[in-house]
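So, here come the structures, one by one.
Across the two complexes that follow, subunit A remains constant while its partner is subunit B and subsequently subunit C.
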Partner chain A sequence: MRLELGHIFIKDIQFGEETAVKDGILYVNKDELIKLVKEDDYLSRVDVELARPGESIRITPVKDVIEPRVKVEGPGGIFPGVMSKVTTVGSGKTNALKGCAVVTTGKIVGFQEGIIDMTGPGADYTPFSKLNNLVLVCEPREGLKQHDHERAVRLAGLKAANYLGHAAKDLEPDKVEVYETLPLIEGLERYKGLPRVAYVQMLQSQGLLHDTYVYGVDAKQIVPTILYPTETMDGAIISGNCVSACDKNTTYHHQNNPVIEDLYARHGKDFNFLGVIITNENVYLADKERSSDWTAKLVEYLSLDGVVISQEGFGNPDTDLIMNCRKIEEKGIKTVIITNEYAGRDGASQSLADAHVSADAVVTGGNSNEVIVLPKMDKVIGSLDYVETIAGGFDGGLSPDGSITVELQAITGATNELGFNKLTTKMI
Partner chain B sequence: MVKEIERVGIPVVHICTVVPISLTVGANRIVPAVAIPHPLGDPKLEIQEEKDLRRKIIEKALRALTVEIELQTVFED
Partner chain C sequence: MGNIRVVHYLNQFFAGIGGEDRADHRPEVREGVVGPGMAIKAGFKGQADIVATVICGDSYFGENTDEAKAEILEMIKKYEPDLLIAGPAFNAGRYGFACGTVADMVQKELNIPAITGMYEENPGVEMFRKSVYIISTKNSAAGMRDAVAKLVPLALKLVRGEEIGSAEEEGYIERGLRKNYFSDIRGSERAVDMLVKKLKGEEYETEYPMPAFDRVPPNPPIKDLSKATIGLVTSGGIVPKGNPDHIESSSASKYGKYDISAFDDLTAQTHETAHGGYDPVYANEDPDRVLPVDILRDLEKEGIIGKLHGYFYTTVGNGTAVASAKKFAEEFSQELKADGVDAVILTST
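Now for the complex of A and B:
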């Protein structure tokens, strides 16, 4: 499977008569976009705001972040099984609007949503402060149930992203990246002698608003399976997650998974990157046992020499992570795990809920309990009503002067476990 | 908490869904629970069936308290 990913660089975003890209500026017809999103009866009010890097703006509570993309050539469409037909994606040509994103906010769905500051100290902790954001403020119809509310806002974000992405359909990309994965046997012949490596991606699937979707299938209902890495670039995996903001993988993270990009960068040179094995993180022990057994079985079946495993979330998923690691290592196959830590505000507590000696190669995205003070911003998109009750916030965190004290946990993407940020932990 | 209570000489049964974590943190008597969001219940069952399930788990835990053990023990069915 071969995908040409065209990058169209967006340096600014503005409202305009027609939704289009001109000279690196994304113009958006606000009314048309609102009308499209409001087609959903579950939403009573939809507004669109802009937030650019460096502006004194706080966006909260943030639900999802999505990069606008469009299929230019080849089968299927972006977000298959949800926004497009369920056709297998990941081949042909796709264009992406780089440097911008759709961010969804509005009345809180669960208690684990995030904060994005566009300037100040908080901006350093989220990669999304560097993007030109189109913020979709979605308010649910009165009395709407939580799950319907989550779905309505999730679909609103995806719809808006595809609407913007469409503006890139006929554009000449500024840069083209080519990613290719051969069918198994062909790849083994082509890259004979190179170590065989794959990526095990764990998807949040605890239910109760902690869900991820693969081609529209709720990930708690999957058994581990194999994807071509490029499928994720066309939106095969989307976030429906109200888990801690710092380590949830937003849809943007799935579209731009740095583990996949970095493995591709050395594919065919230092090793043979065979593909992605996706697995889940369910709340029944039998599911955890089955999924980690199957993950280890697939790793063995592919005759791999090593795998990179990334986690999503924390707490009981630490067990899924350790089970995957231990069961794969027991087959004589090397693992590196990517996780983050909840080591207390002083960093002195045990970092993960579970551990095993086979987890001897660990990359960490930093300590989510670290405390930060976020100064007042001139403008809030969304609402400050929830900053004391979201995960990472606490009573008294919101000061009368408008500043807020929170753990990094509350900042979207701060301690991401795909390595999509700059934090790590120093060992002393 | 399990370890601190045992430290003063009172045996403890840990009813817990994620048995591996319980083993890692050093509980000695472990009874598996149903699921993380509902350790002692199951919303898919009728009320009476759920009550029976809860009683079964509690009785198993009480029995486990009476058993002499040498090593960490998981009380399966």
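Now for the complex of A and C:
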């Protein structure tokens, strides 16, 4: 499977008469977009705001972040099984609007959404402060149940992203990246002699605001399976989860999975990158056992020499992570795991809820309990009503001067476990 | 600002009072410098004064720790110091315990920095390295000069609130604390690089060495349930509606204790979950799903259990540090014992 990913660089985003890209500026017809999103009866009010890098803006509570993309050539469409027909994606040509994103916010669904600051100390911790964001403020119809509320806002974000992505359909990309994975046997012949490597991606699947969807299927319902890496670039995996927003993968993370990018970068040179094994993180023990058994089985079946395993979340999923790692290592296959830490605000506690000696190669995305003070911003998109109750917030965290003291946990993407960031932890 | 005021803590041996035969020496305070204080004072080159020296025998301290701490705190407080220096204790185990305890107490009670020094194998290191800066010393007093050379610069930085460098740079024993920093390379690239090295059999450094995991063996079973008082404890965040004590949705700093003596059934009107780490819809619909009061009342009526304890204890497990969870349980398990609870059902989510 071969995908040409065209990058169209967006340096600014503005409202305009017609939704289009001109000279690197994304113009958005606000009314048209609002009308489209408001087609959903579950949403009583929809507004659109803009937030650019360096502006004194705080967006909260953030649910999802999505990169606008469009299918230019080849089968299927972006977000198959959800926004497009369920056709297998990942081949042909796709254009992406780089440097911008759709961010969804609005009334809180749970305790669980995050914060994006566009400037100041908090901006250093979230990758989304560097993007030109179109923020979709969605308010639910009165009395809407939480699950319906979550789904409505999730779909609104995807719809808006595809609407913007459409503007890139006929554009000549500024840069083209080509990614290719051969069918198994062909790949083995081509890269004979190189170690065989795959990526095991664990998907959060614990319920409301903890769900992930694969071609529209709730990841709770999947058994571990194999994807071509390029499928994810066309939106095969979407996020329905932002609880403890620091380490949840937004849809943007899935579209731009850095493990896939960095494995491709050395594919055919240092190893043969065979593909992605996706698995879930369900709450029941039987599910954990089944999924980790199957993951190890697929790793063995593919005759792999090594895998990178990425986790999503913490606590309960630490047991899935350690099961996956231990069972794969027991088969004599080498692992590197990517996780993050909850070592307490002082860094003095044990970092994970589970441990095993076979986890001897660990990359960490940082201690999510570390506390940060976020100074007041001139403008808030969304609401500050929830900053003391979202995960990472605490009583008294919101000062009268408008500054907020929170754990990094509350910042969207701060301690990401796909290795998206440079933040990490050391022993002192 | 005048000179930095330092109080120095010593045991009976370093104060020149005597050896093991005088280890029961009770706390005393002397104005100015005693014994090794001379070397430390010289090291400060006039930037700090040792205004007093507190002395206590190691046996007395070990056997009467609470009293000794109280007496010593009073003595230290009077001198309004900016800094406490304890020891160094080198490889003396009981002295290490005393130095660590005094330094830790002074930091917490007087809100001033404290510093000590120990040999890496001193048992006091493991006990206090996370809370107190411990200079790495040789295993005997022959290492005094070397210890002072490291202790003085770090002590000055602590008092002045300057940034503290790494354990290696400053000469203290690694504290075992996890600290965030920004690497030059993103995590995914570090992971791929680590995998290539691991595949080639080359050396690599894990970013998080796995700890020895603390596993708790289960207690022996209750012989006769029909006479047992059963308590309910949960990390699933069930609280009275409105979360009256504002237990955090993640990284809880507290637990709650709530009366359930009047409840046969928890409902959406009476209780809810404060937990931010799982789908709360079903727990909020029927909180018994996490804290099974209804079933236990049935068992109580049927005589299968003696009775359900009148209070439940609750916190949020989500993102909560192990150290905090341990502290909560140490407190309330004493209460449960005192209240005659025979067994606890601990529900998690």
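Keep in mind that, in the parts below, the second predicted complex is superposed on the first by the 426 of 428 C-alpha atoms of A that agree within 3 Å, B and C clash if a C-alpha of one lies under 4 Å from a C-alpha of the other, contacts with A are read in each partner's own complex, and residues count from 1 in each chain.
Quick note on the criterion: a residue touches a chain if its C-beta (ideal position, glycine included) is under 8 Å from a C-beta of that chain, and two chains touch if they have at least 3 such contacts.
Note that the structure is a prediction, hence the values are computed from the model and not measured.
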Practice task
Kindly say whether there is room for both subunit B and subunit C on subunit A in the superposition, answering fit or clash.
Solution key: clash
Exercise for the section: With the two complexes superposed on chain A, say which partner A:Ala355 touches: subunit B (first), subunit C (second), both, or neither. Expected result: both
Exercise for the section: Return first, second, both or neither, reflecting whether A:Gln206 touches subunit B, subunit C, both chains, or no partner chain. Expected result: both
Practice task
Check whether A:Thr424 is in contact with subunit B, with subunit C, with both or with neither, and answer first, second, both or neither.
Solution key: second
Practice task
Have a look at where A:Asn369 lands relative to subunit B and subunit C in the superposition and call it first, second, both or neither.
Solution key: second
Practice task
Answer with first, second, both or neither: which of subunit B and subunit C does A:Glu55 touch in the superposed model?
Solution key: neither
Fill in the blank from the handout: Of subunit B and subunit C, the partner touching more residues of subunit A is C
Exercise for the section: Classify the contacts of A:Glu300 with the two partner chains as first (subunit B alone), second (subunit C alone), both, or neither. Expected result: neither
Exercise for the section: Pick one for A:Val283: touches subunit B only (first), subunit C only (second), both, or neither. Expected result: both
Practice task
Would you sort A:Thr319 into first (subunit B), second (subunit C), both or neither based on which partner it touches?
Solution key: first
Practice task
In the overlay, answer first, second, both or neither for which of subunit B and subunit C A:Glu261 touches.
Solution key: second
Completion exercise
Dual-contact residues of subunit A, meaning touching subunit B and subunit C, are 206-208, 283, 316, 354-356
Fill in the blank from the handout: subunit A residues touching subunit C in their complex are 110-112, 124, 145-147, 195, 197, 206-210, 243-244, 258-259, 261-263, 265-266, 270-271, 283, 305-308, 310, 314-316, 334, 336, 338-339, 341-352, 354-357, 359-370, 389-395, 407-409, 416-428
Exercise for the section: Please name which positions on subunit B make contact with subunit A in the complex. Expected result: 17-21, 24, 32, 34-37
Handout entry: subunit A - residues contacting subunit B, complex
Key = 206-208, 283-285, 288, 316, 318-319, 322-323, 353-356
Practice task
Flag every residue of subunit C that touches subunit A in the complex, lowest number first.
Solution key: 130-131, 166-167, 174-192, 194-196, 198-199, 204, 206-211, 213-214, 246, 248-251, 253, 274-281, 317-324, 349
